[in-house]
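Sharing a structure below in structure tokens format, with a few things to ask.
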Amino acid sequence: MSVTSRRTFLTGLFAGMTALVAGHFMAVPAAAQEPTRGGRISIALSPEPPVVMLGVNSSGPAQLVGGKIYDGLLTYSQSLDPMPRLAKSWEVSPDGLRYTFNLEEDVNWHDGAPMTAADVVFSLRDFLSETNPRARTLSSRITSYETPDDHTVVLTLSEPFPAFIRGFDVSTVPILPKHIYEGTDFRANPANERPIGTGPFKFEEWRKGEYIRLVRNEDYWNEGKPYLDEVVFRIIPDAASRLAALESGEIDLASNYDIDPVHTPILQQNPELEVTNEGYEFLGHISWLELNNRVKPLDDVRFRQAIMHAIDRDFLAQRVWFGNAIPATGPVASVTKYYEPDVASYPLDLDKAKALLDEMGLAPGTDGVRARLRLMQLPNGEVWTRMAEFIRESLSKIGVEVQLESVDSGTWVQRVGNWDYDMTINVLGQYADPAMGVARSYISSNIRQGVPFTNTEGYSNPKVDELFAKAASTNDESERAELYSQVQKILVDEVPVAWLLQVRFPTVYNKKFANVVTSAIGVVDNFDSVYIRD
Amino acid sequence: MHLIRFLTYQCFRLAVVVLGVAMLNFLLIHSAPGDPAMVLAGESGAADPKFLEQLRRDFGLDQPLYMQLLHYLGNIARFDLGYSYRQNLPVLALIADRLPATLFLTVPAFLISLGLGIYWGRHAAGRRGWRLGAFTAVTAVFNAAPVFWMALILVMVFSYWHGWFPAFGIRTPGATQSLAGQAADIARHAVLPIVTMSLFYLAVYARLMRSSMIEAMDLDFVRTARAKGASRQRIVRRHVAPNAILPVVAMAGMQAGQLIGGSVVIETVFAWPGIGRLAFDSLLQRDYPVLMGILLVSSVVVIVINVLTDLVVGYLDPRIEIVT
Amino acid sequence: MSGRGNLAVGLQAGLAIMVLLALLAVFGPSLYGVGAWTSTSSPFLPPLSADAWLGTDLLGRDVMAGIIEGARVSLFVGAVATLGAVVIGGIVGLVAGYFRGAADTLLMAVTEFFQTIPSFILAVLLVSIFNPSLQSIVIAIALVSWPQVARVVRTQTLSLREREFVMAARLSGKPVWKVIVVDIVPHVLSSVLIVASVIVANAILTESALSFLGLGDPNVMSWGYMVGASRSVVRIAWWMSVFPGLAILVTVLAVNLVSDGLAGYLDPRAAGGEARP
């Protein structure tokens, strides 16, 4: 190589390396840049909850507000792995009976008193086991509560229950202040008007019918957080108003039932807004057409399978839910643990459906009708009404005439609980683990007349009962997976209910906010890492 | 003297009717299927019988119906309308909070439709030809258009198209202004709902006024005045119009109850936080105390308006004496 | 144009529109061919589209087909609810007016109760108690409307019963029911007809309002329901709400024209005659 070319080469090399090194150094500060502190986020809240103290009210709106005032022991990643919150670490004994939670130290309540293990025990054993049925499924299995020191809690179970570790989110077990509630009437305690928690935001003001305002907890145990100054919840009961408020920037975030799915295309085209379906993995709602197994001809598995073949779930997901849902393949949602995708499938096939009905001996009458059934609408909003109408149309194509019944919530809950229906649309949450939210709909022991959200369709299969029971108390991961896989295959073959969709509600928020959805509970989470991009 | 006796009788009548209305409403509402405790409990709670039992105990729903009724009637006497299951507020406070919003719509709508209706009908009485045709056509359309549809059309034209008025709500969320600014904001939001509400009754009163004017032209003393050679305007002003107004006012009084009922639809379309919408929501959620409270309060309002109407008509019509 | 001439035109126009509507309701479905509830894959089609003259709705259903089916609902509800109101109100009014005394006081107290509660709220309450269906809506509207008939009939009966021919009938030993039916009822009919036509218009408007709010029969395509179901997208799809509402307007207009015309013929004093200074 000549001198000049070598010099050029070395210069180039040197320049390149400098650029590389300099660029590296320039990139690193950018990635490690501190999120800007300050700012406020406005969140739509509807309907206005009567009280936001999570101990006595665990409805959706209360969770949205309370999740920022209170902390749970854990939170969960979007793949449902437990992540530390008030519990900075935890251990489960090999036999699955002892759970040890090591709590963060130096945590104070919003009124200044220190948070200790005694608060945790009080919350779970004394308070929530009385007021929160979901917490009760956890606490009913605990035989002893120990607090070896102020920052350690040891819970001993009566038998192994691996789903236990997934029950400690802030909406199921919020940690509540013992020094305020011990010995009082929980529901009537005046402190409920100004909730005291350990969370990143403190309750500041509630103007009924207008807004709820939370301000930064300067003393939050997680140093440096939260970044926002304020979280404001605006109460807007009307769907059209919420949409307008989102578009005009009056509110920055809407979630869950706030937005009718029909509006998501408009919102997606809005350059300032982000529309996401993430953040509902913990809830994992599945919607199904519930078939009362006691009513003829729904008692015949072939009829139920025919129904599965007759409904176009893709149409429902795309045209009725506008992409905010995906077809369900079985009783377990794809985001819930131990989901088994390899089960029998029921593609849209009207001929197959009719063949099944012919096989059953249900020939069409002179008017083309093979069977007549009633479908009770789910009164949760217009999108559910549209679903019912579509299902009626679909079933009419195979000769099943459906008569819709329009009821209000009070009537619906009562009739479903009392088995006074032929078909209805139902939607339930799964709560991360099949033992929590799935089994309840299919096991014989949960057939309880008068109680809704149980096994109301009346399906009974001893093998399924056995599998669910065993899987709930088996410690071994792979064995659990195998058991749940088996039970899902059986259920999908027998079609106790016609699963329709996995609903993933849209969360719509202003793009300037970062870290809005970071966990499986989405916007219910505490927003301690949310900041405004500049 | 007559007046005092009349009022005393009306008060007595009011008490009796209120009692009867309370009892019958109570029975009616409680025949609706569905358990408020289950509605309140939601998905997590309703599956837990122990939780439901607790809720029912809290709201006194576990007692037999007649006991609940007696309890309720006793409370009404003390002006205690009970506690809302859903909202966790005393019913009276809740109604007091929402009633002004409804009155803010219904009272102006009532006055506008009555005033404009009388004025328009009075002048239409002398019209013929195309003017009469126009009057008839326009009033006919206002009479026939469903209120909720009219509301949507007005919103589409004046709010979405032209952007002159907000489409819904009572105020712009998040705006913090001076008192005057807030008042102006609310007024702007109220324009479309009030206009929608007025249109129907405007047509009714205008037509009634016109036909009433025509009838009054035939009255004896009017004929006498004409025979005496009085000018037309004088006759109309002094004899015809005052008499013509009577049936319109009487009719307006009777329609008071309808205005409150109509507020349900208007408040729904315009997302207006009044008692019409509250009644509807409470019914769907089986929030009995609130629903009962609203029916009670609106019945009282209707009766009071009827009494006032009788007084006004009695005052205006020299032929009627207020007697018990 | 004379006032009575106006009325005659109005009456004829109203009747013509109603006949057209009835024909539409009866023959429309088979002539038009498309079902009102069939979802297609082309939602949000604007009017004057190839396959859908008035466009399609959120689920791809044909708006015109919906309007045709809605006609049946409106006419049915209007007719049957009014019939019910007339029967109930008529009986109450006749009994109260003829027998007077305790029966009158009691029946008028009941009437007063029904008229004190705002009628629309009462209708909403009644429909919720019985599940929403065409039957419950018809019953609810009838129960809310009969007081008007009762009052009119009672007033007429009270005055009729003192007329000579009625007194003669009473004194002649005719059975009471015969006196009522043969001597009183025929003279009450014309006022009943007038108030009934007003109730028909109200019934149609009330049914559409109930359906708009979501309390209608979910198995029939009612005009009110169509407006209510597409309310959330009215900004981008005006036709889904405008056309059904227009249908309601035209129908009620027709009924009102008929009712004004009837009032003109049967009770000329109340007619919109000329002003004669």
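Labels A, B and C are assigned to the chains in the order they are written; within every chain, residues are numbered from 1.
One rule holds in what follows: contacts are C-beta pairs under 8 Å (C-beta built on N, C-alpha and C of every residue); 3 or more make two chains touch, one makes a residue touch a chain.
None of these values were measured; they are calculated from a predicted model.
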item	value
Between A-B and A-C, the pair joined by more C-beta contacts	A-B
Furthest chain, CA centroid comparison against chain A	C
Rounded Å distance between chain B and chain C, as computed from the means of their C-alpha atoms	22
Mean-CA-position distance for chain C and chain A (Å)	48
Centre-of-Cα separation between chain B and chain A, whole angstrom	43
Numbers and ranges of chain A residues touching at least 2 other chains	240, 408, 411
Two or more partner chains touched - positions in chain C	128, 231
Residues of chain B engaged with two or more neighbouring chains	32-33, 283-284
Touching residues (chain side chain A, partner chain C) in the complex	239-240, 260, 262-263, 266, 315, 319-320, 377, 382, 385-386, 388-390, 392-393, 403-408, 411
Touch list for chain A against partner chain B, complex	42, 48, 50-51, 58-59, 131-134, 136, 187, 208-209, 234, 236-238, 240-241, 244-245, 250-251, 379, 408-415, 417, 428-429, 440, 448, 450-454
Touching residues on chain B, where the partner in the complex is chain C	17, 20-21, 24-25, 28-29, 31-33, 125-126, 128-129, 132-133, 136, 140-141, 143-149, 152-153, 155-156, 160, 207, 210-211, 213-215, 217, 226, 232, 235, 257-262, 264-265, 268-269, 276, 279-280, 283-284, 291, 294-295, 298-299, 302-303
In the complex with chain A, residue positions of chain B that touch it	32-36, 38-39, 42-49, 51, 58, 86-89, 97, 167-169, 172-174, 271, 273, 283-286
Residues on chain C engaged by chain B in the complex (per definition of touch)	1, 6, 10, 109, 112-113, 115-122, 124-126, 128-129, 201, 205, 208-209, 212-213, 224, 227-228, 231, 234-235, 238, 241-242, 244-245, 248-253, 255-257, 269-277
